[in-house]
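You will see subunit A twice below: alongside subunit B first, and alongside subunit C after that.
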Partner chain A sequence: MNSRIPQLVAIRVRNQFMDWSGAWWFTVTLVANHAIGPLIGLVVWSAVMPSGQAPVSYYVALVAVQLLTASFENHTFSESVYDGRVSHDLLKPQPVIIGPVGENIAIRVWMGIFGLPLTVVTALLVGASYRWSEALLAVPALIGAAVLRFLWTWLLALAAFWTERVHAIVAFGNILIFLLGGTAAPIALLPEPLRSIALALPFHAMLGLPAEIATGAVQGSDAGSAILLQLGWGVAFAGVAAVVWRRGVRRYAVIGA
Partner chain B sequence: MAAVVVRDLSMTYRVPVRQGGLAAALKSVVRRRYREVHAVRDVSFEVAAGEVVGFVGPNGAGKTTAMKMMSGLLHPTAGTVEVLGYTPWQRRTPFLKQIALVRGSQPTGGLQELTVLDSLQYQRVLYEVPAGEYRRNLDELCELLELGPLLERQLRALSLGEKMRAGLALSLLYRPKVLFLDEPTLGLDVSAAAAIRRFLATYAGQTGATVLLTSHYMTDVESLCRRLILVDHGSVQYDGPLDQLSARLSPYKLIRVSAPSAAKEDFADIAEVVATHDISWDLRVPRDQVARATSMLLTTLDVVDLAIEEPSLENVIDRAYREGV
Partner chain C sequence: MRTVLKVARLFGAGFSMSLRQTLAFRVNLAFDIVMAVVQLLSTLATVLIIFSRTDSLAGWTRPEVFVLIGTFELISGVKTTFVDPNLANFPTRGIREGHLDHQLLQPAPSMFLVSLGTAAPLAAVQIPLGLVVVGMGVSMGGQVPGPGAVVVWLLLVGAATVTMWAVGMLLASLAFWASKLDLQSLYGNAWQFARYPSDIYAKPLRFLFTYVLPLALIATVPARALVRPFDLSSVLLALAAGVVAVGLAVVAWRRGLKRYTGATS
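Moving on, here comes the complex of A and B:
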């Protein structure tokens, strides 16, 4: 079974990509919703620091990170718990998580298709600039952020096994990402001790870190330590999610599927 | 050899309850009260490999809960189930590859924007069906379910009857050995329901699959199952041949006789008249007197047609639900 997982994930991504092709217009609204936060940050911080190039490049990079790490498991997986569709998946000979992973990647690809041209146009309009070497160094952090944000949203979405108010829980989780991830303000501009706390928590690793590496704000050993911390949070979230998943399925199987 | 073995199976749900009114609502914030609902109680039976069994009962009897435990979706409060030697709720891959649960309320899961053909190909990969076998099974399913015109259509755009045909094709593509059918003709029109029944009878006959069927439509049960398990209030009330249930619950048979010159009083010593339609009469006769009554009718009256019928299964089951077995 394990050797088949990459193949099953790839097929699921392909199928979900086709499935979402019928809702491309909806994907455009998702792009707008997710780009608006960093774009507001761009306008506000450009006004606060009119001579600074850093906030401009940072927030444009943040738009790209936001689009490529967006997660909607409360809308995809949790709804399947509520309407019973998850029962079909529980009886398939594959791990259930392959479905949410495949859909997550497919949605991000669609958001990238519509959103990345918007990001490039914005970068040209506001004069954002990057070094290729720093942009490439940001890729591992971007992949880490994508995994971490999926795990965070998936973990919160698993609350659907216990409550029908999962959207409120995930909305709170997204507010934490907004406040402590680097959208409301670049983490480097936060006062101490808030800055140190934000750097230690996982939300910075979900959003602001790849944008900071891409703009050269975090470099060298600092970048390496931040990515290691990101990895640590990923392992912790995966472990907790596995335990919560087992308990959730057990509850689903006890109270009625 | 038994394909399904169920022993002392029980399922108890804990459901929150509270009285009406604001005070009770506020009180429930601090202290919640629960009530236990016994959906299934000490159910035991075996189903032999290749057997087709009807699993019937009124709404809330516990049949769907029992079926979900047998297919692996629910974990019982007590008891054991073995399906093909596996414990269903462990959901081991070899077990999942040999069973299918088809629900009339939700015939197709999965991605609704995909075409039926895309979904079938996905099933092929998922269940590791070899290419040759896939083509053979698909051809056969296309013929039996008249699937051809549906293959290029998206699942979400299918009518209920078409969804059920697609759902059956998706579930049977990998030739499951045990098939759990939960209300497979739910909401279908007469023709669509008859087509599904014909298909299921053919499929069960050709493949030798073990089938457990729940349905509120007795035509489904009558046309597919020789054995019936009747469940009510979570317990098995009857387990045996279908015709014996009729005999047990309805000690009468119906004789329909056409006799143009007959009057009601002519039947007084033969049988009880229960209905009249122009020149035909419906007579209710105790089972052990059917031969005598028939003989008397043929000798004393000018009979042009005569038929002896079992009471309808609908009536028998209705009586079982109301009065018990």
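Moving on, here comes the complex of A and C:
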């Protein structure tokens, strides 16, 4: 069955991509919602730092990373626990996570379609510039960030098996990403010991790391070790999520036929 | 005058009912208080990070920015408590699903029922938290504002609240012409720009945030009145913006209602 998983994910992505094609206005609001934090950061830090030192390119790259790593499993999955739809998914001969993964990828593709032109326009307006080599080096970190952020949100979304306040829990998780992931300030500008704490925690790897590699702020062996740390956090989250999933499903009870 | 009293009584009754429904779930109350505190702390932490790198943000000192953020939280609390629960999804719920038909049949002003008929009382936690941050900013600044400055601040907070409501109403009214156009979410996103002094934005944006979408009047102008010398032109501008925004909202709502043919007939 494992060999069928990529095919099942691809089918789910295609279905969800078609489903979301009619929700273009909602997608625009999602793009605005996710772009606003980095854009405000761009303006604030441009006012704080002298011109030339302001992290303009970083924040423009952060807009793109934010859009391509956005995760909504508290909406796509947790709601299905609350209204019982997950029961049908549990009966299917395939892992339940395929549904949320497929929808996650489809939403990100749509957000990229609407949001990346906005990012390019912003880059041209504020004079952000990148080297192709560094931008390409950021791609593995971006993929890692996309996976890690999905796993983080998925893990928090699993709290739906225990509480009805999953949206507040995910909102709390997003605050941590905002503060320690590089939106409130680039990690390099955080005062110690907050900077060291932020570098060790997974939130930097979910958001700021790809933008830092794309702008050349993190290079060479530093980039390699940061990606290894990202991988380690990914494995840890996947392991914890697997355990929480099993316990959650055991706890799950449904009423009706 | 009788209409005003009636609307005030209805407003009180609607809030009381929402509050009783909400308080039935005590755990949610605790959750929302914790989340409001955490969100506010994250905003304050961001300000502290910024001021670890500078002494001034576009001419604003740290205590002044605290006053601004407190004012912003206060008015955001009013918005999320009273306005957002009503105007969110208005194009879908009100126009396309016909909820507005029922409201138009009620013996109360339709603008009131649509925009202030119900409430989300837990979100009101933000209001006292905002006041605490304003107090922190004032005490950090070391200069206690005079009674005149406090009165002007209260007046401007009132004007900002009215402007916030009127802009929300104006955007909701556009649904009469384009029923799929839900601008409340975008308004909520743009609202975040008011969290920082409008002086940090480039001139075209500052013009936009003052005269087109008056976000500068939400927190920057009231906060400035509390921590800086009295500036008559800003006060007049804020009051005029409130009056113009209400006028536009009323005109747009009435014209929209004339176009409205009902969803259920």
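One rule holds in what follows: the second predicted complex is superposed on the first by the 250 of 257 C-alpha atoms of A that agree within 3 Å, B and C clash if a C-alpha of one lies under 4 Å from a C-alpha of the other, contacts with A are read in each partner's own complex, and residues count from 1 in each chain.
Basically, contacts are C-beta pairs under 8 Å (C-beta built on N, C-alpha and C of every residue); 3 or more make two chains touch, one makes a residue touch a chain.
A quick note: this is a predicted structure, and the numbers were derived from the prediction, not measured.
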Touched partner set for A:M18, first subunit B, second subunit C, both or neither:
first
Taking the superposition as given, does A:R247 touch the first partner, subunit B, the second, subunit C, both, or neither?
neither
Could you look at A:R131 and tell me whether it touches subunit B, subunit C, both or neither (first, second, both, neither)?
neither
With both complexes superposed on chain A, which partner does A:P191 reach: first (subunit B), second (subunit C), both or neither?
second
Considering only the touch criterion stated at the top, classify A:R85 as touching first (subunit B), second (subunit C), both, or neither.
first
With the two complexes superposed on chain A, say which partner A:F178 touches: subunit B (first), subunit C (second), both, or neither.
second
Take the contacts of subunit A with subunit B and those with subunit C, and give the residues found in both.
none
Report the residues of subunit B in contact with subunit A in the complex, numbered from low to high.
13-14, 65, 68, 71-75, 89, 91, 93, 96-97, 99-101, 106, 109-114, 118, 122, 125-127, 154
In the complex, go through subunit A and note every residue touching subunit C.
25, 28-29, 32-33, 36-37, 40, 43-49, 165, 168, 171-172, 175, 178-179, 184-185, 189-191, 194
In their shared complex, subunit A is touched by residues of subunit C numbered 27-28, 31-32, 35, 38-39, 42, 45-46, 49-50, 52-54, 57-58, 180-182, 185-186, 189, 192-193, 195-196, 200-201
Mind listing the subunit A positions that touch subunit B in their complex?
1, 7-8, 11, 15-16, 18-23, 84-85, 87-94, 250, 253-257
